[in-house]
Each structure stands twice: as C-alpha cells, then as structure tokens.
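Down below is the structure, laid out as structure tokens.
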Amino acid sequence: MKPIHSFKTLVWWSETDAAGIMHFSSIFKLCEWAEEDFIKKLTGKTFKEATAHRIIFPRVHASCDFIKPLYAHEEAKVNITSISLGKSSITWIFDVYNESRGYLAAKCKIVTVAVDRFQMKSVEIPKDIRDLLEKAGASNR
Amino acid sequence: MKPIHSFKTLVWWSETDAAGIMHFSSIFKLCEWAEEDFIKKLTGKTFKEATAHRIIFPRVHASCDFIKPLYAHEEAKVNITSISLGKSSITWIFDVYNESRGYLAAKCKIVTVAVDRFQMKSVEIPKDIRDLLEKAGASNR
Amino acid sequence: MKPIHSFKTLVWWSETDAAGIMHFSSIFKLCEWAEEDFIKKLTGKTFKEATAHRIIFPRVHASCDFIKPLYAHEEAKVNITSISLGKSSITWIFDVYNESRGYLAAKCKIVTVAVDRFQMKSVEIPKDIRDLLEKAGASNR
Amino acid sequence: MKPIHSFKTLVWWSETDAAGIMHFSSIFKLCEWAEEDFIKKLTGKTFKEATAHRIIFPRVHASCDFIKPLYAHEEAKVNITSISLGKSSITWIFDVYNESRGYLAAKCKIVTVAVDRFQMKSVEIPKDIRDLLEKAGASNR
C-alpha cells in the first residue's frame, strides 16, 4: 500500500555511534524529521504559523522495534504508513527502511498531543490541520 | 522500593528543543546514560574490555511514556527500577524524574541484546556480566 | 560566485534548543551533512568503500561565527564555498543561510585529516578522492 | 594553574560516532555542559531565573582544535581555564582531557553574548552575574 508520506535522508555520520550504525535515539529523530517534512509540504505557511506561534505537538509516547542496522552514509527512507486522529492526539506509524541494503530497519509509533505552548495544556487539534491531515490520508479513531 | 541504580544529570541546554523542554529523543539517551553509568560503576574495566572490544548491546526495542516535561537547567534523575535477563537479552525499566519540580517525567523500557560486533549476531550474555547484574539486583526471566 | 556544493535541509525540531533556534553544535553537524551529501553525490560507491572500510576523515579543527538564528521549521542552506587540499588535510569553508528569511546565519571552517581507522594515524588523501575533489573545484594549498 | 571549574562525564555512547570516538560536535556540547554545570553551582536559583526567564547566552563564536580522541565509555574532564568579560560578551576557554588515557583531547573557545530573549538583541551582562563570575575568577577585557 502506498504510504501517506515518504522521506529520504542519508545516514549522517553525526547520528551514528561507536557500533558504526545509527544510534537508536536518532531513529526516533528520523521519524520526527519525516513528520516535519510531511507537515511542511502539506501546510506550507499555515502550519508554521499555527505551531510556531501557539500550538506545539509534544510526544506523549514513542516506541520502536529495531530490526536491522542503518550504517553510516547509507540511505534511509521513512514511510509514514498511518496517521490516526483522536480529539487532541495524533498517532503516527513509521516504517524505516535501509534503502541501500533493501530491508526494513525499524518500525516505530509516536503519539503526539496538541498543546498550547503558553498554557502548557492539551487542546483540540486545530480544525485546519485536522482537515489537511484527513485529506492526506489520516483516519479518525 | 530502592532502585537498582540512580543517575542524576542536569537537563543540558543542548538536549532541549524549541518548546523549552528536553527533546523526547534525548530522554532515551538519558536512560542509556543511566545504564552506562551503572555498568561503569558495576564492572570497572571488565565491562569496557568485554564490550568495547567484542560484544556490544544494541537496542532491539525502546519505548517511553512522556508524562511531564524536563525544563532546561533543571535536575533530572533516572532510576533503573528493574533489569530482567533472558538468554541474550536484557530488559531495562527506567523511571525518569524531574528532581527540581518533584514529579515523574517519563517511564521507559529498553531491551538490549548481546551482539558480537564483528559477526553482528546475537550471543549469550557473557557469564561474568550476568553474574554482576544478578548481584546488583537483576532477575531472570 | 557559484558554490562548489549546495545542501538544503529543514531546521529540524530535534536540532533546536530552548531559545527556539538551532543549537550551535547542530550548525557544525549541518556543515558535516553538507560535506557528506557532497561526497556521496561526487563519488557514489567509491567513497563509501574507501572511507567506511579503511580511511576516515576526523576533524582536527572546527570553528563557526554565528551571525543570525535558524529558527525551527525554517529552511537552511549550506554552501561549500571553498575546499583546499593539503597532503593529508582538507580545509572546508561553509556559508550557512537561513533561506526562509534570506540572510547569512553562520560562517564555518572545518579541517579534516585522512586517517587510517585501524592504525589511527594520518595518511595521504587517497589519489582517487583527491582527483574527484579537484575536478569538483577544490584547490591545492 | 588551577582551573576556574572542572567538569567530569563519561563519554556517552550516544555522543560517539562510527569512528568509535566522541563526535566533534559533541565536544562543543561537552564544553557547554561544563559551562552550565559551573553556572548552576555558582548561582543556584539566581541564574536560572535570570536566564530562563529573560536573558539567554547564545554563542556568537565557537572553535575547537581536536588533538586526540575520546573513546566510548572513557572519562572526559573539561577544565574552564579562563573566562574574560566584555560589556555583553563572555569568552570561555576550555581544555578537554581524556582522563582514562591521561592526555589533552581538545582545546576550545566559545564566545557568548547576553541577549534579551524576547527582543533578541544583545544587552549588558547582568551585574549580579558579572559579580559572581568575577568572584569565581573571571577577568575583564
């Protein structure tokens, strides 16, 4: 099935560790980069204004199964395979591929919650963002 | 109950993000730092020789529930509350506290597997490390 | 003047700090990413085999002047404006731009040295890499 | 000569790269950690309130000479050997040691400027911070 979004990057040297592979914490960053790349392309200025100015999406849960390594200087691809929307939460599912070797490297899940950055409390996902996400393939929970 | 190990650090500016709080991927690093601090104190040179030279412990799973923020320059404490040993895997449970504000900030679980770094395949946990971990409070699964 | 190479990326949330801007250490990473992107495109498999297997290029010097901020989710562009080759050292000059706001954000210089990763001592830049770098616009010191 | 401040940490696995050594960008973080540890011990709550709420100290310059490696799990020590105060700028000099191997690993210099975080413009170093820094051994330029 076609992913909702696909993001590619090199396995940067700075994100590897002494085992020669991408550090596990950087695989979580990779997923977040895919999300940011997706949101940027989806919303352009709207998201930036909405999120940079008032609403942020801190993570309330993150988990990954690390299956096979991403070695330095190889190509990684992150597919966003599912986005499901709650009232204020968004659940993202990611498949991380080692493109250079052609295998699945990790499967990850991240749950974010819309938060008012000044009051630091959860709020409903802004309607314009919800509409955009639905149009892009997000489902409602 | 007394944790198996307790590790403290400041919330370094470099590990925060534009929301003013520790980035979620750095909370995974925090747990790993606690593990390294624990292993270093537990084994001294033995671990270093064992792991740096032949056996590494890559993560096969990592998950966190992020409950409340760790703000820049505050004190964080990571308690290792449980270590359970399989044949080659080690399951670590961490409670991350915001010491400056006195609340639980995150609960995390990391599963590592003993891997021969040259053959990149899993091996049994070396007996001397297993013995040391059991003496420190690890349980067998 | 046309730069030797140009690399673009979003200012990832993970690379920002509590001031809302890219952390200064991540601007050094940005320059290295530009270098890796350049080398990858320049050499394809050759570099990977040369460097991943035997020769690495650790940094012996790095400096940056930070002029203006890179804010979260904005676009950054790194221009490699000069590469000068010594016997074993390579001096890279980078101009980092905030593309979203249209200003120069930082000017950086990184000096790397070709090192045999197994003997951990400096060696001459491999001839095939030197040739490729010269063809791409590098000058000899 | 006795350093103004001394900060120790393990070379965390997360801060190493595929060469098995601390990534050069993390050595800049190490220096900043030493600065934060110093400031925290020096000022307690005062600094936190001053900086977290209004004034931040972004870096305008950073440079390092990397002399010898810091390997994973070894002990690093950062000495702050000099602090010199301008009107709004602070110049920090750091010597980074590999304590496990007993050698100097890097020499770094970081220049920060007091900035009002809401107006994003430079201001004079707050008098109470200047006094504390002078008492700790900082000199005036």
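Points to keep in mind about this one:
We call the chains A, B, C and D, going by the order they appear; numbering starts again at 1 in every chain.
As a convention for this text, a contact is a pair of C-beta atoms (placed from the backbone, for glycine too) under 8 Å apart; a residue touches a chain by one contact, two chains touch by 3 or more.
What you are looking at is a predicted structure, and each value in this text was computed from that prediction instead of being measured.
Set side by side, A-D and A-C show the greater C-beta contact count at A-C. When each chain is reduced to the average of its Cα atoms, D sits farthest from chain A.
Note on chain placement: the centre of chain A and the centre of chain C lie 26 Å apart, centres being C-alpha means.
The mean-CA centres of chain A and chain D are about 32 angstrom from one another, to the nearest whole unit.
Touching of two or more other chains is recorded for residues 13-14, 18-19, 21, 25, 29, 32, 71-72 of chain A.
Those residues of chain D that touch chain B in the complex are listed here as 10, 12-14, 29, 32-33, 36-37, 40, 47-48, 51-52, 71-73. Contacts from chain C toward chain D in the complex involve residues 18-19, 21, 24-26, 28-29, 32, 52, 56, 58-67, 69, 117, 120. Listing the residues of chain A that touch chain D in their complex gives 13-14, 16-21, 23, 25, 71-72.
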